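Going by the order they are written in, the chains are A, B, C, D, E and F; count residues from 1 in each one.
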Amino acid sequence: MTQSMLENAQRAEVLVHALPYIQKYYNKIIVVKYGGNAMLNDELKAAVMNDIVLLSLIGIKVVLVHGGGPEISDTLTAMGKKSEFLDGLRVTDAETADVVQMVLAGKINKELVNRIGGIGGKAIGLCGLDGHMIKVTALNKEKYGFVGDIQDVDPQPILNVLAMGYIPVVATLGCDGEGSVYNINADTAAARIAGTLKAESLINMTDIAGLLMDKDDPTSLIPRVNVSEAPQLIHQGVISGGMIPKVDCCIEAIRRGVKKVFIIDGRLPHAILMETLTDEGIGTMFI
Amino acid sequence: MTQSMLENAQRAEVLVHALPYIQKYYNKIIVVKYGGNAMLNDELKAAVMNDIVLLSLIGIKVVLVHGGGPEISDTLTAMGKKSEFLDGLRVTDAETADVVQMVLAGKINKELVNRIGGIGGKAIGLCGLDGHMIKVTALNKEKYGFVGDIQDVDPQPILNVLAMGYIPVVATLGCDGEGSVYNINADTAAARIAGTLKAESLINMTDIAGLLMDKDDPTSLIPRVNVSEAPQLIHQGVISGGMIPKVDCCIEAIRRGVKKVFIIDGRLPHAILMETLTDEGIGTMFI
Amino acid sequence: MTQSMLENAQRAEVLVHALPYIQKYYNKIIVVKYGGNAMLNDELKAAVMNDIVLLSLIGIKVVLVHGGGPEISDTLTAMGKKSEFLDGLRVTDAETADVVQMVLAGKINKELVNRIGGIGGKAIGLCGLDGHMIKVTALNKEKYGFVGDIQDVDPQPILNVLAMGYIPVVATLGCDGEGSVYNINADTAAARIAGTLKAESLINMTDIAGLLMDKDDPTSLIPRVNVSEAPQLIHQGVISGGMIPKVDCCIEAIRRGVKKVFIIDGRLPHAILMETLTDEGIGTMFI
Amino acid sequence: MTQSMLENAQRAEVLVHALPYIQKYYNKIIVVKYGGNAMLNDELKAAVMNDIVLLSLIGIKVVLVHGGGPEISDTLTAMGKKSEFLDGLRVTDAETADVVQMVLAGKINKELVNRIGGIGGKAIGLCGLDGHMIKVTALNKEKYGFVGDIQDVDPQPILNVLAMGYIPVVATLGCDGEGSVYNINADTAAARIAGTLKAESLINMTDIAGLLMDKDDPTSLIPRVNVSEAPQLIHQGVISGGMIPKVDCCIEAIRRGVKKVFIIDGRLPHAILMETLTDEGIGTMFI
Amino acid sequence: MTQSMLENAQRAEVLVHALPYIQKYYNKIIVVKYGGNAMLNDELKAAVMNDIVLLSLIGIKVVLVHGGGPEISDTLTAMGKKSEFLDGLRVTDAETADVVQMVLAGKINKELVNRIGGIGGKAIGLCGLDGHMIKVTALNKEKYGFVGDIQDVDPQPILNVLAMGYIPVVATLGCDGEGSVYNINADTAAARIAGTLKAESLINMTDIAGLLMDKDDPTSLIPRVNVSEAPQLIHQGVISGGMIPKVDCCIEAIRRGVKKVFIIDGRLPHAILMETLTDEGIGTMFI
Amino acid sequence: MTQSMLENAQRAEVLVHALPYIQKYYNKIIVVKYGGNAMLNDELKAAVMNDIVLLSLIGIKVVLVHGGGPEISDTLTAMGKKSEFLDGLRVTDAETADVVQMVLAGKINKELVNRIGGIGGKAIGLCGLDGHMIKVTALNKEKYGFVGDIQDVDPQPILNVLAMGYIPVVATLGCDGEGSVYNINADTAAARIAGTLKAESLINMTDIAGLLMDKDDPTSLIPRVNVSEAPQLIHQGVISGGMIPKVDCCIEAIRRGVKKVFIIDGRLPHAILMETLTDEGIGTMFI
């Protein structure tokens, strides 16, 4: 028993060290953008849901925004349709849009909601169609089909769901004035939602450790980037390829009033808790 | 202009005649079970959504519960899976359960939500997984797979969504204690939800005109059935075949505290309004 | 039954067509100025009260403001006093002021309240003395006696009564700093009340069809007047005589923040509903 | 100055002595039945209104119920109609009912409301027609005409008006199911209203000093009567004539849940304050 | 009985005369600074608590701020410590600070709270440490030790306690960023608290009759001083010695938004009531 | 960095393991009885306050009840008074009662409040005199003097302070009907307060490890005692001496509706957290 008491004492120490972080985020909104590999591994998914429920219980208002690229492709394949991408965007004809809606709002969204419920949390799944909260226009109908460019986000449905004591889980779909449904890039949507909610922070869970000075050296993590430094980092090639649009979303979120934006490694179990409640950040913070 | 003024006067008369019905249902809950053919025809769908929004605007708390049989089969077919039925229930293996979830919660549910938003209403789509509100056990796992038998309905998520001023649109899925997702019969679910909400009325939109004394004579509609008369009507063969489980749900709803249950003809445009706001019922009422 | 079903379908259509108008006025304040002949005919009175209750039930905040010229004269006559008018205003000595108060606040006001109650609405009758809400000074004590010039309207009592779920019915009396009671022109009072409440619209029920280009030709109705065009219309003689002060009140209401002001024909049954919930205006709208 | 300081010190003493009485009635409902001579004398009327406003300001919920016998007769006389009484009740034909309504709800009620406003209080005048709150049937239509027998009092309008921070001033009219207006005995109405509101006390302002053992000896006041003793006092002739129905109302109020009922001398200035906030009762208390 | 009735009538008159003063202060905040001799005499203490409870009951939000000089010295003496003063301030070493805290927050504060409870009021005792509401820095640590200079007053704890229906009784202690406890001058603290609360008035209870033109002539009271006249009065020697810092506090309170500040003679029983609820001020008012 | 990342991951694990405990206590009331040695050691005091603030932040309603034996004796000594005990109770003459009040409510209470404020929590210090919440009679005036026997605890002040978002810190004093102040045993007071609040649990921090089967063997801890077993344990001598009244309080709390009562070792840092948020209890639980 002495052994376990010791452990308990250590556990208590950890909780005590979390205190100032809990105070800092108390009653504030944190938007978590969830996707990529962290979403495919079942164990990691469980860890992320645990983190979300824990943050919610200790008085932080967590909004979970998710995309779902790979599962959309899988379902399209199962239905004998090929996925086609242009400029990094999924070319989305009407039939594909239907599948995107089914997979995002019906499969992934409700699965996350279900998991949260399974560990004692309370979630309600929303998409941009609920309360018609995400209004879009076509980015370029001819080229990409039903890929949406966000015109307006109404924060009310999310705020209402938070006020009722549920964790909002948001699938990134939008609608235009004619009622057509559009696929939206999840990073962009998360940034806009966080901005509209004036969130305290936006946490982007990615497949990388954060921004690395040398992308082959995992110890070269850049812990903090001022948005004004971003162009320079792009110029240097530190931010390149698929990271450029991700970083653009971070900057956009900061511009729209989010206090801090993080890019963290979603492959680490409990990365969200580590970033939020411990004294060492584990990814890159944009301010 | 005299002509149109005349028309306007007539319109005003209609509105005035609706007054006592509006008063009767004011601030009361009406559950509408929507499905079948009325759901497949686009024009009818638009009319139903109009009715829902109108009732909601004039102060009635409408809850829309839907199933989605044909679309589930279509998607299964598109994915190369055959639909299989046993005792009128869809045999639901894990893969099929996934498709049911996608189609109900992602496709049909959000489409209805989107349509309501398109005509100026405000809806939030829910399924039994949201707030873990519909708890089920397997009816018979070996025989039917993931077909759920409702154990408990938590009315809170629906009541919260109503309280926030949205129309709840509910897809009939449930979950068990292990987090598995189940398909549930929509008629049964609507009856249980209406009962839990102590709804003023439950309106079942079907493909028939109501109960007919002689099923080949549309003028032989039975306008009102006391639940105690049902066994006799089954014995006489007036209620038979697929109508038996539907009528059972009506009776179950009455037993659980719903004041009135209607079976109306969903193929008539604005059947809900006619039943609710005019002086002649158009279907069969159970009391 | 086919026959009545047809009718029911038509009725449903009418209700559906009213939907956008209901949405437009939902939770907005409409002030109805009621008086003149529409008030003397018992059947019309019943129709007006029906309209008021209906608008109230479908979520519109209706405030009913009334005068009562003819009944005041009748009561004075019954008491052996002669009515005397100067510049269109009733010369109001102390004794007359007493009768005005009795008839407006005691007879007409409570009769309207009673009628609303009789058809299932809930009304509370107020006058400018309640909560001391209408403060006046004498317009010209020597010339007209107790005829009041409105100094201030406190919206609180009306807003409180609305918030409690009642229809406020307001008799147009005012009081000065010494506690004397004054008769006030009902058109002016309605315009001031609507302005103070920042009402969505003010509906003046009159004995005419609206503004006519040719006052002998009922088909020459002017459907819409911009307040800036009014001087021109007076100059042309289109607005003349007793219409001039009425139109002045309309303009005053617009200036004080009312969005739209209507002059409609109170002799048409359900004129309010026709103007509010159907697609063709029936009188003249000032904007 | 010493002189006035002395006076101020005495005044402070008086306020301090009122403290326990203020505590006793804090947030409780007191119904004051006001009528008779106290209503005719202008100075007394001012004193009564002062008392009402004072009680209201120190946190007591005062409801003022009034009749208006003499003024009704005066107005009838002015209109050339004779007042006729049977069994102590005014015979009320339709025309008389109209006058009763005008005088009670239009003249007296609004005058009291106006006076309260004039000394800085806030009142709203109600009658039994507002919110249809007093439902009656005819006591005996053939004999007395529109004299009402109270069937039901809805406390909601009065409670709402109190909750909004106004003093409700209530004229004792009622309506039947057909919308006809009835005269009601003010003592009876006050007792019923007080009972429905579960008032802490009902104060009846009368023209006598209270119950006297010897009606010619003002020093023989009976300070306290248990309702069970009333029959005995009637038998002894101590309660007789017009006092019998008044005492019946007191007893009825006690039976309906009012804690204490007082008969006090309305001719004494500030009789209400003396009874409520000082240590010696001035009339007769029924318990 | 006539005798006592007469007295009751006079009492009622007093209450009626208080009416306008009650109206004036209704729902307003009055801060009472209590200390000096009025605190040492048991009878006066009872009178002050009576006044506080009475004002609180009639709807005035009273905040009682107290010091406690003499009792601190007594306790220090009992513990064998000498009191030492410099520039009128108590030199406060760590041990003395402990005693100050004990006496102010534990003895005097809770005794006042207890007395208020004993006469039926409800009080909660606070000090500057509760909710960390009074933040200070050392005035001059070397010279005076733990004597605080107020940096910030958080009004929330006091407002919360008022909102819950309690009388806040405040001991004038403060804390610095390191958690040390400081003694604060009670006059200064009362002025700052009143300013932060935007109080309607601040009443300083002192041992003098107010400002006197000739300090040996009690009839030479200056009833009203404009803050701009203060320097002149100091120059003339009318304000001198210990009165100078007291008057400075009055001026500071006015500058921070308190409407009126009074210096009254705490030795007069019920001085607060006399100043607040009667028509003649008894001390000096600063405006 | 790998090193610290590892640590962070472990920390995250600890937080995740706390999740079910946080869920269990969410929005529930925990009363912590604090005293004895844990109170004398400065470091332990800081640890206890940290635990209290942490529990409060994660949504648990913590009420801190404290005594203060040793400090009372110290202050009495400093004032030249001897502490005298009879039957384990401090003999409390009037002078001693004064000191008890000062030390408990002024020194210890406000020091705890101040410490909570210092680490970012918000506390308000109360004692049984605030809102007159703890009513006592003398246990035996002749024998023990002002030692109180609790008659009644009004939960309102504590519930109000919790509702306003503060941590109530309660000093165990009481008052009788005459306003005298009494010392109360802190264990008894904590049990009564917890019972009145229907607390989820009462945690008694003591100087021992819990109940030991063999008091000389720290490994013989009894983790769980059913209240029905207590007499047997007393009979066996497992519970003896000073533990008997402590255990009596535990049993009393259970009887008054507290769900679980713990005796834990206050000498262990973060004992409260270990007991509340980790999976192994560290003391003895009574149920």
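Here is the rule we use: a contact is a pair of C-beta atoms (placed from the backbone, for glycine too) under 8 Å apart; a residue touches a chain by one contact, two chains touch by 3 or more.
Since the structure is predicted, the reported quantities are computational estimates derived from the model, not experimental observations.
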Partner chains that chain A and chain F have in common: none
Any chain that touches chain E and chain A: F
Same-interface partner of A-F, chosen from the options C-D, A-B or B-C, over half of the pairs matching: B-C
Size of the rotation, in steps of 5 degrees, that lays the CA trace of chain D over chain F: 120
Inter-centroid spacing, chain E versus chain C (mean Cα positions, whole Å): 56
For chain D paired with chain E, centre-to-centre distance based on mean C-alpha positions, whole Å: 44
Centre distance in Å when chain E and chain F are each reduced to the mean of their C-alpha atoms: 35
Residues of chain A whose C-beta touches two or more other chains: none
Touch-based graph of the chains, sorted into line, ring, star, complete or other: ring
Successive chains around the closed ring, taking chain A as origin and chain F next: A, F, E, D, C, B
Touch list for chain E against partner chain F, complex: 75, 78-80, 98, 101-107, 109-111, 113-115, 117-118, 122-127, 129-132, 157, 160, 163-164, 166, 173, 175, 179, 181
Of chain E, residues touching chain D in the complex: 1, 4-5, 8-20, 22-23, 26, 47, 50-51, 53-54, 57-59, 119-120, 219, 221, 268-270, 273-274, 277-278, 280, 282
